[in-house]
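Consider the two complexes below, in which subunit A is the common component and subunit B and subunit C are the respective partners.
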Partner chain A sequence: MAKKRKTTTAETAESMAKRQREISVSEFFLKNRHLLGFDSPRKALLTTVKEAVDNSLDACEEAGILPEISVDLRQISEKRFRVSITDNGPGVVRAQIPKIFAKLLYGSKFHRLKMSRGQQGIGISAAGMYGQLTTGQSTRIDSKTKGQKHAHRIAVQIDTKANKPVILADDEEEWRPTFYPNGKVKPVTYTHGTCVTIEMEAAYIRGRLSVDEYLKQCAIVNPHLQLHYRVNLAKNGKADEADTSQPADEPWQTFERAVRVLPEPSGEIKPHPHGVELGLLVQMLKDTHARTLKSALTQDFSRVSDRAAQQICAQAGLNPRANPTRIAHQESESLFRAINEIKLLRPPTDCLSPISEEQIMAGLKKEIQADFYTAVTRPPTVYRGNPFQVEVGLAYAKPGENKDLGAEEPIRVMRFANRVPLLYMGGGCAITRAVGQVNWKAYGLTQPRGSLPVGPMVIMAHMASVWVPFTSESKEAVAHYPEIIRELTFALQECGRRLSVYLNRRKRAAEAERKRSYIELYIPHLALGLKDIMDLSNREEQKIVTKLRKMLEKTHLDV
Partner chain B sequence: MAKKRKTTTAETAESMAKRQREISVSEFFLKNRHLLGFDSPRKALLTTVKEAVDNSLDACEEAGILPEISVDLRQISEKRFRVSITDNGPGVVRAQIPKIFAKLLYGSKFHRLKMSRGQQGIGISAAGMYGQLTTGQSTRIDSKTKGQKHAHRIAVQIDTKANKPVILADDEEEWRPTFYPNGKVKPVTYTHGTCVTIEMEAAYIRGRLSVDEYLKQCAIVNPHLQLHYRVNLAKNGKADEADTSQPADEPWQTFERAVRVLPEPSGEIKPHPHGVELGLLVQMLKDTHARTLKSALTQDFSRVSDRAAQQICAQAGLNPRANPTRIAHQESESLFRAINEIKLLRPPTDCLSPISEEQIMAGLKKEIQADFYTAVTRPPTVYRGNPFQVEVGLAYAKPGENKDLGAEEPIRVMRFANRVPLLYMGGGCAITRAVGQVNWKAYGLTQPRGSLPVGPMVIMAHMASVWVPFTSESKEAVAHYPEIIRELTFALQECGRRLSVYLNRRKRAAEAERKRSYIELYIPHLALGLKDIMDLSNREEQKIVTKLRKMLEKTHLDV
Partner chain C sequence: MARKSPKAPEIISKKGASRKIVSVAETIHQDIVKKARKPSMKFPIRSLTNVKYDVKRGHFEILGKHITRTLSYNTVKGFAQSMRLLATTKNDLLDRDDIAGKREVYYNSKSWGECRFEQQPESDTLLDDIEAMLAINREQLGYIPEERGGEVCGPIVVIDRDPATGKDIRIDGTKLGTGAWSVPSRVEHLRFESKAKFLLAVETSSLFQRLVHHRYYEKAKCILVSMSGVPTRACRRFIRRVADDLNMPVLAFTDGDPYGYCNIYRTLKAGSGQAAHINRYFCVPTAQFLGVTPQDIIDYKLEDTTHPLEDVDIKRARDALKNDPFIKHHKEWQNALEQMLKMGVRIEQQAFAKYGLNFVLDTYLPEKLKKKNFLP
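Our next item is the complex of A and B:
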């Protein structure tokens, strides 16, 4: 049946076997670097800043420190930038630095359920790997923890074949990141913190997909952040390499923090039994430190009381004092079924820290010049066992009054996940999908079928979760889980209803205005007519005009 | 400056360090299973079939075997399916089976530049991992290589913490996959090959995103494939678990192969120096088996002749007999610059095996009832050093004549990469983007701004490459590399020009028809007028009508 090709290179099972090999995760992402947000020099710059700032914010918040972050971009040759991000965070202990900055899939945030910006343990190492790939240079980390006298200065690269850090330099240094923010005489000095410096092929742009835009949005949703930013572009697009030791001459731009309190700290939770799949249940029973099935259920999961654990065991026909490991191997399926038949409280949702309607309104008002603002924070809910919460803000400008918002243009959608602005991949995001699926015609906007509505409007949507499902490792778009789209839809519809009240009122006001001016037009003619009929004097005519005008002003003309 | 929160849980650098851990690649993808195409039970079914069929086709083609594949879906309970894919390929040697089917990032296709369907070494293991997660069951593999007497039957699971296979059963078995395709008395027996069986939570649907659609499109672009397919749904949506040992009763549906020759085998190539980044160059120099810089350049790269290697060394000021490892550490940057300054032949492109215009036309004609067909295969070109080639086919139906293609609906786009149909994530794909960016109004279609054009039309686009850049590990959409979008645009525009010739001709014909019927309408009146003027008899009048009609028929009325 099989027919040989003419070629002599036909393989056999044996010859194929010789070529089978392990692929290191670094090799994989090096070849697929677009998955991590490094497809182009422009995007690489944004992704690097984003990963570093996200890490800094997370570290500061976990340590209870009000974050102050400096982002320093310096063009050092036509296609190269040196990117340096410094924070006043808790610092990183010496032993962890190489792995955190030069090993993919390493970190503290993956193995827990807690709302944070980072979650994968890939981002900052990927930025360093990209720098290494495009320039051959190492990632440099300066870090000083609170107790230490000196900072560590470590230079690392990734051994991509093994996905392991290679340390190229390891020194103790003075730690003195000092900034003279624009117009301030007093310098800002960080007493502890971390500074990461990466040299990379990059390109600087302005506009909707730029570092500038990212940082601006970042400041909006993180009002507790003090942010300094500076871009030094080379003159004539060509920097003199020798020139880089000179102090940079561009002034710092500072986004001042608006509040001096940190967001409510978000707690870590345990998995909810109803969100756990059979295979994961087996794994958890195998790994548990508990000695009995009952204690495994109550200790390792959220919302399982002693009574609920008893009920589950009874339902499954299992002994509550059974060895969890044995159950994992033999009776996991009946346990799984029982768990899903017993009613349990929904997962705890105090693990989420939403931005809040108030702060969304404040952010929109600060950034978007508009006539109508509203915001909705939905109550928390759950997808695949993971608590999440959705927030939507809306700003509508009077047509023609905000030159950035064309009345004939599709509306603008600003997307956020765990307080991180998402700029790229809008087309593939659950947020954009949800906005497009809402019937905005019902609220008074025009909308091409299945597309974004048209009008001078901005929508800002935030998804907060202990685990945000992104469509790729570059974390630019939220995956299309139906539960998430549903929550977004509810929030959007509520905003839409409020918008339609506003638009109707405006329409009625315009209508009344039209009528009023129409009547006003005829007042002199009316007075003239009355003058003729009743033979009035000019003064009396004038009196009638004035009186009619006053009446008109007092009357509320409703449509 | 830092302000403590009220909470007592504030972290320090030291407490954070304790929680830093390695994340195994299996754990990562288990938690992010939507990245691999396992976000929902429906999609899980499609992804599993796709990964298995892709592997079978690749193996058959590499071994020079005309592929014959059977896809057997069996619902075994309300939410569970048993998925079984059998091929007549070369089989897999015993030692490799566990790793190939139960370890992520393991395979033969990643570390080479060759056009193939699989490239990552993730897909089939991910399907098994999903099955394990949702049902606790193992992946079962039966495989027999050509020389062996018996087949191996191996059951494996993934230890997700270590990303390693765990073997649960390992037996020798009779190998007798025998099928009685629908209506055929003679059974089909495979004398060697591989059968993979996975039990998983899944849901069967019909329509544009179904397994049916995937297999149909697969048969179109792989006319050398003989494909058997069977779906056994449980009665009343609920199967009796005990019933699964019964022989399945649904008949097989067979997609007969249209040709008995394999596609031209595609060759493996070496990286082209101009596509290699600095970091990769360093790595290659470190890893080379060559003893001198010159031989490293000529042996490890494509298109570097002895003369070109000499030129590169001269340009970089390096000794051609230098030790490549030393260069890697010290002078890689000048070498890198020199390489990019020397002119080289473009990468070889005989490594690609396009579908061909002829076969695209045949496929479209077989599947899409339309009035006009055309196809364009572009010459091969390069992105990031990787050769690729783009093909586009177009079918246009007369409005109203194909009920699947509404004249007022957006056109349908069928996407393929290395002969694999892409069904999901159309919105995020470079192919869809390219179609939406072409100005179809110029070719006579209507098109909302920035969207797909509207009309009774199908576009089929294929990207063939030694490395297809996908937007996620689930390989559903092509990433937006500008070089790829440009090639697609050229091919689409050429098809568009041909379409506009057809549409103009049709428009002219319709116009002529309109004029003709208009004149025809007046012939009797004309004859009557002539009769009056010239005083003709009724018979003469009738003769004039007949003659005028004949004249009209002969005349070619052009606009």
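Our next item is the complex of A and C:
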């Protein structure tokens, strides 16, 4: 080894400096695309649909529009798909389109604490970038706002080095978002909306981790959403452009909207000091408009009163009148410690917008055929200074009546964070753990030790928060905070209690039915015996049977 | 003469029995159709808890306890079966003057669909219930017992009828060769002539054979009856009729164990809890117990021929001391059972063979008959 080192030319600081240069965010994600959910062709397809649908829903809800969305998957060659997502949202103004769809980390949601589906502003541009990378094709956006006369059609690519959009085409066009509800002759057209089309390498596979499943769960958790879906697979994987003998397009499948009410808009809150990490604290002190430390604390954070700010400063040994920027540089650590030692009111929780028990039931009922439905929305509470709220819905089918829900199989758990279905990494999610920890035997289900209970049942659990703690950036599993698990457990137990009431009632009904048919069996014999003894006519015999049946209806002949 | 005996059971005509069944059905029919209420059937309880030992008459008399079986989920099957069995009894047996065995009833039910009896004990129990409900013994309903009715030998002439011609047939108990005469299932029509001094009812048929073989009945001038365990109704009725008509003393000779005392002898003398509703016809209140008594074990030095009491024996004896109204009335029997429990052994009739095969008829029986220290 020593010899070898001698033979190689030693690096100098200067030679190394030649190779040292800035890595653009786009480049970084290009190499680490699994972090964003593009690790396999199958998952890439799902992630793309997911990001686009999330964006559409957020946009519609913020604009107060009842969302109608279509998802169109078209296979154009063996490994290539064209994905088109259209919504009836407010549309995007021409100037913003390139940045939104072709610049990573650009968005409206990162800089605030508010319950929304997307958070970082990476998703849809990352999907476009993935498409560009795998097919060389641009992302195409059609968008029309209500006020505009014409729609815009823009094709963009991302300059991965500079993280900047490159506009390849920019036209005005006559375009309206149009939907084709299944079973209806007339299409539905809106005056505003957006359609994003991305061509990408992808694989369409059905199952628990598919686009189908994602959209179904989306429909459950967003009962106010009207959703259309269509998949056109190429025959034998051949490109359909070349082959004119392709069969007609598949019909649209529609997930009908169940309620016509939008979710309450969620509020925006300032960060709570107990939920802020040191780095963020430093950044906030640097960015503040306040002149003094005390006013920075009271203005930029929630639940910090004048007295509390005074206490924090005293605890940290800092002058309340100090310049916040100076504190940020020199004494942030003692301030950070002091903040966590002072008792503060919990953050406001009215900023959350839960789905509500009623709407969860509506969503479950329309998408899952079952016999019993229930839902529980817990009161909001707090983890690490972040308000959050947990909701659980449960649907139990009669064994054998729903072929998707086997009576001998583990129950299905659907996980949601801020109304977004989570499909991957179920094993590492706090929701799965909470479901497994509840003692379902107490509620009449069988449950192998420490795992999911068995039965024809679906549980959906929703975690709503201004900041959902995911275990990774691909946002697929909720982290195991004890406060979150506890809330989930309470909600699950309440659902379980209601389930056991239902199961017991059903058991009693089955028992009564068994008794009824047993008695029913012997009534004719009793009548026949009497007829034979008393030499009665058939009519009289029938009368005995009728009378006894009536008696049976009234009393079940129980003592 | 025999049939006019005031003590004979009330004979109910087939028509009468038939009418009784119809009236039971009518009540049920009225409840259902007119009164629109759940019908019910009333049965006397057939167990030792519902009998008293009538000292004056000398047998178990049924008390007034009844159970009412109202139509319910639990009783609906039994109810339906009762109706169908009553219908069969009336239409197929009584109205057609036919007879049927218990096992035939069971097989007959196989055509009743889901109403059928799964096992014979089910139909047997229901038959007993119906008998109790109607207060007509099942022989009169046309049901014939399957079991053998007991065997008879000795100086008695039984006068029976030829079923075809109606002519009398005289059966001489001394002219049966090496065999014996079987008691028929119905004995009400029989008449008797005898100059015997007493009737000896024996538990086991092997001892009965020995006594017959050696023509003991000639020596002792007695009628011999083999009971083969607990005597059947017909056997009990036969002995009763002989005792009543000929004023004949009756002696019982059983094994010396709680079963022999509390089941065989007690049933012969006072009747059973099961058949409490008809005991007054099927018992022999004048009977007395000859042996084998616990005292005999000591008197005849038979200790080395005994067997230790088994758990069932001990339980049976204790149970009788506590619950059997007959035993509870007779101090002598309580003493005998206590003595047996204390000795902890039981003895069989055949044990006398220790002193020679014929010791029992040469020595034991004559001595006992001479002393006359019988148990009540």
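Keep this in mind: the second predicted complex is superposed on the first by the 384 of 559 C-alpha atoms of A that agree within 3 Å, B and C clash if a C-alpha of one lies under 4 Å from a C-alpha of the other, contacts with A are read in each partner's own complex, and residues count from 1 in each chain.
Just so we're on the same page, a contact is a pair of C-beta atoms (placed from the backbone, for glycine too) under 8 Å apart; a residue touches a chain by one contact, two chains touch by 3 or more.
From a predicted model like this one, the values you see are computed outputs, not experimental measurements.
Within the superposed three-chain model, A:519 lies in touch with subunit C and out of touch with subunit B [touch as defined at top].
When the shared chain is aligned, no partner comes close enough to touch A:53: not subunit B, not subunit C.
Once the two complexes are overlaid on the shared chain, A:481 sits against subunit B while remaining clear of subunit C. Which of subunit B and subunit C touches more residues of subunit A is settled by the count: it is B.
In the superposed pair of complexes, A:451 makes contact with subunit B only, with no contact to subunit C. Of the two partner chains, subunit C is the only one that A:529 touches; subunit B does not reach it. By the document's definition of touching, of the two partners only subunit B reaches A:133; subunit C does not.
When the two structures are aligned on the shared chain, A:218 is found in touch with neither subunit B nor subunit C. Across the interface of their complex, subunit A is touched by residues 1-5, 7, 9-14, 16-17, 19-25, 27-28, 30-32, 34-35, 39, 59, 62-66, 68, 88, 90-93, 95-96, 99-100, 103, 105-108, 110-112, 120-121, 132-136, 145-146, 160-161, 191, 260-262, 265, 277-280, 282-283, 332-333, 425, 427-428, 448, 451, 467, 469-473, 479-481 of subunit B.
In the complex of the two chains, the subunit A residues touching subunit C come out as 515, 518-519, 521-523, 525-526, 528-530, 532-534, 536, 543-544, 547-548, 550-551, 555-559.
Residues 21-22, 25-26, 28-29, 32-33, 36, 38, 70-74, 76-77, 79-88, 90-91, 112-115 of subunit C are the ones touching subunit A in the complex.
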